[in-house]
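As written, the chains take the letters A, B, C and D, and residue 1 is the first residue of each chain.
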């Protein structure tokens, strides 16, 4: 983790030095979004440096704690690094690229240019700078994934806990609902639902993805609750006259943190993939705005003549999924109390 | 910053390298595949054509055929009285070739008499007679059969059998397209097999799946989702077809089709999609690209009515100058070149390249941002907001364009247009919709502007009137111009070609001045054809029209040509 | 156990019924008109449209259509396909075997590869091989499926020419001798099955690795080792048997994923299965075909889950007691 | 707290607990009779030991008393109150007066909760103390059970088994109960720790005037703790007596066999050990007649034992046995 902080600090500093004129330009532009990005670009390296310094002090980390175990987990650190870098790049997108993602620089002269120094990722069919579109596309794709996963986790956990704790009819009804949800092919469901609205926009799409993705999570959580219910400490708590609500909040939920975090981390990658597939089918960001899935879709027609258009977003999705999977795996190992 | 030459990623286009292992494998496969076919010489008909289409044909009986693929396939099984010429002329009988009819005479201004070819027989050996022609006419006109050609033949008032092989068509009034109407819309169906079936049960009757035709090919096998196999009729009365078998397979993804063409797994596809796909095929020496004019045109249709309350005029597009300004602000030539490549063309109105009207010299709307600005400022759109859009009374000059997500070309055109209009201070929001949702919104008039595409028949009159005439069934934007309507009617009823031409020209010029749409492009279509096929011609309206005359040189046969051919 | 089977059967029937109802309603709520969908980009008169609507029963109110649909369904009739003028069942009868073949091949690849990798990893957790395989499986899991398909098509289909590019058999399949037909089927199956199966293999490997590692950590393995059994016997007999349960669960859970994935794979590889048929039918608003395919898909998924549950109970009698 | 009502503090009458369980494929539903008609009473301040092999139903019985498991039928009186008739609010109030200590010290603590918080939680839930007062109280409790109060911030996995069990005891005591079910409180601990915890429990009983239901699977531990002993077999009590007479002269062959397994401190003493054949039968299908007859080593065992179930009868004052041949007990094991 220390090395990660150091890496971010150095990379961030490099960005500040190399893109200093651009940062100044953004500061003077007056547009709120540009200034936020510029401020982040300037603040992140010292913050990362401080984190590195703080971690360097002897005794900064109690070696026994769970956090320490997490930070010693190489997979987790690597995954966090990947995710952090992608998010960082998305946040400071205007600093990294001087091109507007939607500007068609020269429709007939500069379309489908292969990667070069001027256009590190090349240009697309419309002569737009792909590097810039990738950065701004990350905002859409990662943003959707975060919102949708939050929803998946909240709904999935709630349903799973309610079903597991209550049992009886409520449990049966909820679980049959879940079975039904799992039985409908998700792509088909999304196809039909999306046909109702077309370009959905950020939040509706995130909600749609979230609301169709929680079935499996609730299954896992319910199973986890059921196995918790067999544990003696819940009987002990009940013997002490602790109310059902408190039992759920203080005793069950904290013990679900591990499975829920792991599910969430794995879920982000999954949602990014599904969003890309949906964009491939024509349901995604409203053109001309970029999302990774849209870029792949636009590159699909040119996949054999201008493969870079779809290679870079494909690689970005790939990195995101790997990053979050590593985080999830790391969490799973570190949060497992038996693992020590 | 240093400006280096762009890095190129090596990506071989064709099959460049084949490893040794691959060669062995391919060899083994070839042995397996050829083992069953003896090495006999090719006597006509021989070989196999594999055709890729993107969607399954809905029927193999022409009266129910709607999609162009079903029409092409049924066209190989069933014949019309006469076949339209390759120039798609629809005035008089110029260019038409005899099929079921051996000859014809114009008895008077409202009667055409056909003499049927006595050699023509159905697959079961029965002769084709005048009774079949009369039956076919009644079939196409019958409401329960519900053929979509029903309206196109509404000017034919009667079809009667005068002798066993003589049949007469009577028309309601004299006009130029009588022969076209009598022959183009209907393919002759066998009365002796179908007449006993109740008309409303015909659509799902078993015989529609085992059709008996009189054409150059017979149905071999039909797998609903995937393939239609046609076998040559060696006794075809107009001469045996050149190729023994045609296998039509459904491949929805055009990338896959192009890859199959390049890998020589398929022989023909009438549509290759994007220019980059066409380019890939061009680079392959085994496959030829055939360009032919398409019968479709793409347009941005304006809604002249307020989408939220159809009784009110549209706040923007009821104004003719705003519509014209948008047409002037987009660089259509650039769009056409970017999206369609070499085969780019900007139409002068609602006409396609395959249409006979294409040659009429009507001026195109020029790309002239200055003139557009002038027009907009004259309408009060003088100020500009922080993002560069024009503003009037605090309202931004903004509209939404509906785009069907199924069409790559239209989406590309929309994205380029968005950027060009932005430069002119006009905000165009793109709303992508699934095809059916887009169609419904457009058809119900719930849009500002919609990016449409109309296909036409050789005679465009019905399609143009339906889409742009007052009250037309497909006039989505509620455009209404009495002068245009009367010119259109005059053109359709003209009794000689010169008169028709004058009226068409006047009508199209009128549409240019009072544009209900921006005519974006009229594509030329590229078909991929395997190089061993000879005598190939692709007619704009029907890819199968001349296929029975295609041939395969016997020395260029592929192993798969022989597999399973009887 | 018998009661359990009966109860699950009843529940499954209810689920399939609910799925059918939901699809029925969703489709009719979705914009677009089955009649108009037949006439793409060509003009057609309202008269023709109305006649189609009447003959397909679409002029009646939705509840009436629903009751009629259910009535037909009880008689085993899925209704007519609007776009193909024949029973929807015909469409499915052709598509279903193709999908089953593809899904089984993909499942086979998923489980065979996944279990082998997972066993190799789980038997020696935290070894170098374990870490390498973890990264590899993660990488495979992270590739968008349609991208993988296109790349397979380009590399192994076009450049190398090893496998055909699309379709489930060659167009000239029927003329081949039996051996040729089998070889032909196999060659066509390889790329789509790999595309669909590799992602699943990664998932199976991850779960199996965890299960194996856990099983190894348990006492009885230690006992088995102490008894002097060979390493191979320990791995195969003891650990594997105990790690089977998660694999069975995985099997149940992977069915819906397979069905969703098959839509994209079938589209790219022109594989004429249920996914492709559904994709086309949604595009053509062919209500009865979409509903039928969804129902059959749901039935297969539910049945798969039920089988998984039964296997689970047979493999681990403890679950039956609680 | 009412000390007023006379009679026993806890009285269990004819308690039955059946679990539904189906055995084989397509079999009719059957029941697992975990507790099958147990009657038992505890006087204030006394310790009743409940002894039997695992599977005899003693843990279920203990849990039933606190209604952690809902009994199928029977009555439980606590200080004159019908426990099973109480609504949930009254039950929660009653829970302040009766508590349980579990066998598994690790499992009975929430792994995600610091042990101090775990002990403080009931104080706050029952509004006994909060804030600083609660923390002080926790520190006192920790000291009372022999734990260093500095351990309050630790998590369960950071403590030893003995420490965890002491936390469990402190937690049970935090709400000042009068009655404790001790469900094999020491059987999961190392032998050296067992004695310490048992001593702690006897000390606490004395200082707090507690009543214990002490559940154990052998007779060794309870000899020095209990005042009376009840021996359970397959959900039923087979012998019930005061400690001294029972240890001196077990009347039921099962008691005798259990007693023979108790180690004797003097290694020179040789004793005949009664080893029972086989394992305890499944309570799902208990044998007919005397439930013990399948393993009974009694020399007089005959056909009657396999058909007639012996009733629990009072052979001597405060001495109950369920054996047809209780009048002719087996030889008391040596010495």
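In this section, a contact is a pair of C-beta atoms (placed from the backbone, for glycine too) under 8 Å apart; a residue touches a chain by one contact, two chains touch by 3 or more.
Since we're looking at a predicted model, the values are computed, not measured.
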Tell me, please, which two chains come out on top when C-beta pairs in contact are counted per chain pair.
B-C
Using C-alpha atoms only, the most centrally placed chain is C
Return the distance between the CA-based centres of chain A and chain C, expressed in whole Å.
27
Where chain C and chain D are represented by their mean Cα positions, the distance between them in whole Å
53
Based only on mean CA positions, could you tell me how far chain B sits from chain C in angstrom?
36
What are the residue numbers in chain C that touch two or more other chains?
30-32, 150, 154, 279
Provide the list of chain D residues touching at least two other chains, using ranges where the numbers run on.
none
Which chain A residues reach two or more other chains?
191, 195-196, 300, 303-304
For chain A, which residues are in contact with chain D within the complex?
64, 231-233, 235-243, 246, 250-251, 254-255, 257, 337, 340
Within the complex, chain A is touched by chain B residues 1-9, 11, 13, 255, 258-259, 273-274, 276-277, 279-280, 334, 337-338, 405-406, 408, 411-412, 414-416, 418-419, 429-434, 436-438
In the complex, the residues of chain C that touch chain A are 11, 14-16, 18-19, 22-23, 26-27, 29-32, 134, 138-139, 141-147, 150, 154, 253, 256, 259-260, 263-264, 275, 278-279, 282, 290, 294, 297-298, 301-302, 305
Once bound in the complex, which stretches of chain D touch chain A?
63, 66, 68, 91-93, 95-96, 99-100, 102-104, 107-113, 121-122, 125-126, 157-158, 168, 171-172, 175
Hey, which residues of chain A end up touching chain B in the complex?
102-104, 107-108, 111-118, 122, 125-126, 191, 194-196, 198-199, 281-283, 286-288, 300-308
